[in-house]
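Okay, so chain A shows up in both of these, paired with chain B first and chain C after.
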Partner chain A sequence: MKLPFADRSADRSHKKAGVRGSARFKLTWAIWFLVAIHAVVVLAGFFAPYNYETQDREHPYAAPTKIHFVDCAGKFHLRPFVYATRNDDGSVIGYNEDCSQPAKVGIFVHGDEYSIVGVHSTRHLFGVQSPASIFLMGTDGFGRDQFSRLLYGGQVSLFAGFVAASFSALVGLLLGGIAGMYGGRVDDIAMRLAEIFITVPWFYFLIAVRAFLPLQISPVVAFLLVIAVIGVVGWGRPARLVRGVVLSARERNFVLAARGFGASNSYLLRRHLMPLTFRVMLTQMAVLIPQFILAEVILSFLGLGVGEPFPSWGNMLARAQQYNVLVSYWWMLLPGLAPVPVFLAYHSLAETLQERIKSNI
Partner chain B sequence: MIRYLARRIGHAFLLLFGVSILLFLMFQAAPGDFLSEIRLNEQISPQTVAHLRAQYGLDQPMPVRYWKWLKSTAKGELGYSFAYNTPAAELLWPRARNTLLLSVPALLLSWLIAVPLGVLAAGWKGNWADRLFSGGTSVLLALPDVLIALLALLIALKTGRFPVGGMTSVSAQDQDNWARLRDLAWHMVLPVAALVIGSVAIILRHVRASVREVLESTYMRAAEGHGLSQRKILFGYALPAAANPLISLFGLSVAFLLSVSLLVEVVMSWPGMGPLLLEAILARDLFLVIGAVMFSTLFLIGGNLLADVLLYVFDPRIRRQA
Partner chain C sequence: MRFRALARIVCFFLWCVSMLAGAQAQEELLRTTSEAGNRGGNLVIAQRSEPRTFNPVTAVDQNSFGVNARMQADLIHINRVTQKTEPALAKSWTASKDGTQFTVKLRQGLKFSDGAPFDADDVLFSFKVYLDEAVHSPQRDLLIIGGKPMVVQKVDEYTVRFIFSAPYSAAERVFDSLAMLPRHLLEKDYQEGKINQAWALNTPPDKIAGLGAFRLKQVIPGERVLLERNPNYWKIDAKGQRLPYLDQLTFVVVPSQDAQVIRFQAGDSQIISGLSAENYAVLEPEQQTRHFKLYDAGPGLEYNFLMFNLNDDTEGRLPEVVRKQKWFRDVRFRQAVSAAIDRGAIVRLVYRNRGVGLATHVSPGNRAWYDAAVAVPVRSLDKARELLKTAGFSWKDGNTLVDSSGQPVEFTILVSSSNTQRGQIATLVQEDLKAIGIAAHVVPMEGRSANDRVLNSHDYEAIVMGLVSGDADPTPDMNVLMSNAQTHLWHLNEKSPATPWEAEIDQLMQKQLVTLDYQKRKKIYDRVQEVLAQQLPVVYLASPDILVGAQEDLGNFRPAIIEQYTFWNADELFWHTPAGRH
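And now, the complex of A and B:
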């Protein structure tokens, strides 16, 4: 006799495998995308056609350069090209293309000098011969190429988030581990402290902590400072999670056995309990990093983070607060869109990891 | 009920104490204060600066200053603003009211949208609506709040139908109360909309997740087997069973909304606590900074207390415990 529910369970396990497969796909996709975008950002010098500081005084607030295949005479070219642009009437309205000055888009062309981990080069992935210029995302008020600045800005924004999250996770691992292991008063104090950091509205706290630190500082110091501030404000949640894992694992048999053999608390923590927190922490990192990237963007947007001339997605967006810029030059909003794909990837990563933990328990 | 609430309020007070002590410790560690700017000015003699320091109590050790601050807080002053030369609370109250004017309607609106939609979405599984929902909330979650606020500002500037920044128009000031109220509401539309868009996705996700978890339990399958309608199952049975974590989330969502509100206020020049906090930082007016954080914590605690009361009312398990 065929049991109806036997059938059903088979059906379900099949479905589950399908879900697993799509989750795996999502995971792979998210990881590869993130690796790629970080690589591009690290190699910004090569992928960006210009330096982040290079100013084109003739082209402030130039719209994104149009890339043509068909020239003014209506002839089709296989290789894309751009026209040099000029501001003819001296107004601020815009730029006109000069049909007599086409410039082909070249690959591996020479341009501004840059250095990546000590290697100097002048080769860029793409570019055009001057007097034409290629601004994929337009220029800002100083005539600096937004696309190039966006890539360089990613170095600040993406890595500030990553490093700050690592810092938070480390502090959380340490304090949460100690709190869970030793319990009693240590646990009470650590967790009350964590509670303060978790409950106070996060931007307010972030900005307040920033308020206690000096305002006029160099971009490098500002970068480190922002990381420190975000990391300090964010350690509460990972600490609480680690404590939970340690607390439940403390009474498991292999831990008790190790203790029976005379293992010390710190040994147990290092050798047996910390490895158990690995998966939870990985997931937590995927949750924290986009949050912290956003924190950097906001601090720099408010003028409390990394400042000029070095770009960050936040300080690039700050210019868009001026009404005339916001209304006339839509491309100044593009730095605000830059984090979206990154966040999507991190969110989907976090979601899949969370589901995995749930389904394995 | 009263004992339960008293315990909660006691806990809240401890939290406020903790926050203020923490802020004072950071205050202490901070290099430079309001007067360090003045000290650079050669026209002001060192004696004057020293005198001012003594007057503001900046030369005293931290415990003494904290005690003084506590006393001034007990009087409802929350310390003294150096830059404005008034008690900090006087500056903060109207700003806090304006912040609430944005966040409370946004909070209610977000939940009014999120609960029905989230419960419905829990019922869709694997179909196109589910996919649309997942995609939509993912994108909303990934949009930076700054961008949402800037887009709202752009709408105001481009259409010209909405007021750009501020919370009142000059023309409405000499009219009757009704016109002033309408003017205020008109100013609120875009900031509140930006806040709702910035916060609704995360609530939606939580509502759907917790209702879905309930739907997987056996008694829900039993209800289904009895032939109850989908709507009855979702709203009549699943929602109340899933209410507990959601009510807790209601309390927490206050914190989230306040954070987003800070940004929206700054971008849309709404005279709330956000712009004041930013000014205070640039002027190194640290008591004002501490005051603003204390106020935001107070609102959060208010939200959590409300959530506690709601939990007490709706969840019999909590009543039993208390």
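And now, the complex of A and C:
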């Protein structure tokens, strides 16, 4: 005969194990996805079939290329292929496939030259032989491959978010740590400053700050400026969190003991308190990065980020502001979907980390 | 008794004669040749913004022109379709042999929309206002001929003589769009020095009068302006019916072109003009289902160009621009840039083949003055490289163009951020120049800031911009082409021509101004176009077609390439079925 109490306990432990397993799966999935997407974006030159600025002026606003396994004669092919397209009706953007010009989709093909951390190459993961083209997500008004630009654009959008969040976290860590450790007037000044930055409507602030900056700047400088502006605005919340952690931790026994042995404030901060903020900061980063990616996307969408011909998810979406683009070329909206899986992954990561922190507490 | 009866008959006869004479004075109307239509209905026209003023003396924006031109009339009018002059308030005119005098006979018996009579005194008053320096009317510049203002004399009640200090080839055209003002309403304001404040948007409609087809009915600020039919209008159709046909014109404010397209699709507005080729392509398939018709009126008078900053930096504020001007001032550099640009791609990608590439500022749409002998440059990278080589440029690290001192050739191209098409042109130019090793950076900038840099601070390196010729005649282009002109954009404030070719253009433009024979003028203007195509003060790129649309039920709709493209003949427009158009 089984005791009811024993049953309930077993159920609970199973459930707990199940929840932990699910959380672990979510965490693993999120981390792997983010690593993968960042790797693809870093290696955009290899994964993209074309350079981000290559214009195929014969194919403006071409719809995504159809990848075939069955040819015009109805014959099945194991290897995928595409047909070259041509503009027959004189409307500039109406394209028909030319059955007489099939082109097999090749792997590790040569194409536009690119450079990854100083290494130059012309080899791409996939591509087709000219005159055919492979536009997985169609082309824009200049005949530039949207898929290639989306990957290159990720370099701007994802890394702007990542670097800006790191910058915010670093400033937050420093000021929050000092405020929590020293308290008093230092704490007051740092926290009031943080509150000012938290209460400032960041979007308008970003626009105002960007408007004061010179317009004639190179795309790299524009990128760095966007990061700096976003990062400066976002340090308030992590600073408050870090302060809270430091404030509660500094009264804990091991800290008091260390202090009793003559440890200085900076030593305590460095050695005992900062490590305690690690998980909180990690969670904060997972929350801040998607926010800051969105900020970059919005700034670029409004023309305040990097300029032509450099792509970012925001400036790629900017063309969809035009009515004719909105109603005629659905593939121009795809850059708007690109951040969604990234945001989901970051949110899963943040949620799981937060759950872990709670369970540890 | 007999004598009394005879006297009665004579009196009656005299009365009849006087009545007839009076009637003739009242009814000296203009008979149009366009299709006779049906009276009634309302026509809704969308505009980017409301007019700033109803005062034709101070109006400078197209939205004000568009509304004011419906309420006012000019002496001689340019037919927007034929691009030729035709009688309006003037029933006829004669020019003296030497071209310095111009005598205009006015239509007799015309009335302003408030019923007051129109005569030579109103004409004299109008020109007095326009020519008054204190009024600062934008029309004044057009009335200064040979450096002196024209003199206006009253010959009789219905005859006016204009005297120019020098022969004036475009004398007839200068009267177009110069509204004849009602002296009885505006003279007091003028004498008190308040003419610029007169006829604002809040002026009561009964205080505003004109000789145009419509008169002001109501203004709803920020939303719409309603005009109603002027019962005293001086045109009749072939059937003797007094124009205009429409009972009402409504100008609604729709700030963006995309919104205008949506309103037009929905039937909320019945005319649309200034369509981009992309929006034209969106509307094109819907013509039958939504009962409207689109028109491609052909290349307009707008010309888009890439301009380098050739201004003198006398104050030493812009050392970087000055450094780059060493390249910009070399005609071979400008020619190389021109040769590297693919105008065909601009026309295809930006204008969807609804436009033309340009060699000069004169587009083929200007039928009377376009010089077909000046070929539109075809892209040739070889030619561009050759020109750059002869100018002392070379290439290093593969494809980076460097000047004779080894400096890489790099500059920024400003472009108005609100003009999508010019933004696209700038991106195409950027890519084209990359092919010859030039690193151009496109900098979108708010339109007014960009204009301010061009006109005032001169703080720019290159810009993609556009201008629209006000008329098909060469004379208005003097504002840009003459070295001392106010809008000699590439090199403002030249005290004397900076280059021999600019001196030649000055001379040629002055000569065409006083040459009365069209063929001789054409030859002179052809030479101007040759010089411009050769020297490229700006790199002329492309001109878009004028694309417009209207409900298919609208009669006499004849789009033109001169402003206002769609409703320039609003007095003749009519609804085939006016009953449903209220």
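Note that in this section the second predicted complex is superposed on the first by the 350 of 361 C-alpha atoms of A that agree within 3 Å, B and C clash if a C-alpha of one lies under 4 Å from a C-alpha of the other, contacts with A are read in each partner's own complex, and residues count from 1 in each chain.
Heads up, the rule we're going with is that contacts are C-beta pairs under 8 Å (C-beta built on N, C-alpha and C of every residue); 3 or more make two chains touch, one makes a residue touch a chain.
Not measured: the values here are computed from a predicted model.
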Original post:
When the two structures are overlaid on chain A, which partner does A:320 contact: first (chain B), second (chain C), both, or neither?
Top reply: first
**OP:** May I ask you to decide whether A:118 touches chain B, chain C, both, or neither, giving the answer as first, second, both or neither?
**Re:** neither
**OP:** Could you tell me if A:309 is touching chain B, chain C, both of them or neither one (first, second, both, neither)?
**Re:** second
**OP:** Determine, under the contact definition given at the top, whether A:262 touches first (chain B), second (chain C), both, or neither.
**Re:** neither
**OP:** Counting touched residues of chain A, say whether chain B or chain C comes out ahead.
**Re:** B
Subject >> chain B versus chain C as contact partner of A:57, first or second or both or neither >> reply: second
**OP:** Quick one: classify A:142 as touching chain B (first), chain C (second), both or neither.
**Re:** second
Subject >> Which superposed partner A:201 touches (first chain B, second chain C, both, neither) >> reply: first
Subject >> Touching both chain C and chain B, counted on chain A across the two superposed complexes >> reply: 215, 323, 327
Original post:
Which chain A residues qualify as touching chain C in the complex?
Top reply: 53, 55, 57, 60, 90-93, 141-143, 215-216, 218-219, 303, 307-309, 322-325, 327-328
Original post:
Quick one: in the complex, what on chain A touches chain B?
Top reply: 192-193, 195-196, 199-205, 207-215, 290, 294, 297-298, 301-302, 304, 314, 317, 320-321, 323, 326-327, 333, 336-337, 339-341, 343-344, 347-348
Original post:
What does chain B use to touch chain A in their complex?
Top reply: 14-15, 18-19, 22-23, 26-27, 29-32, 138-139, 141-147, 150-151, 153-154, 157-158, 164, 254-256, 258-260, 262-263, 266-267, 277-278, 280-282, 284, 286, 289-290, 292-293, 296-297, 299-300, 304
Original post:
Which residues of chain C touch chain A in the complex?
Top reply: 258, 261-262, 276, 278-279, 281-282, 342, 345, 348-349, 352-353, 412, 417, 420, 423-424, 426-428, 430-431, 441-445
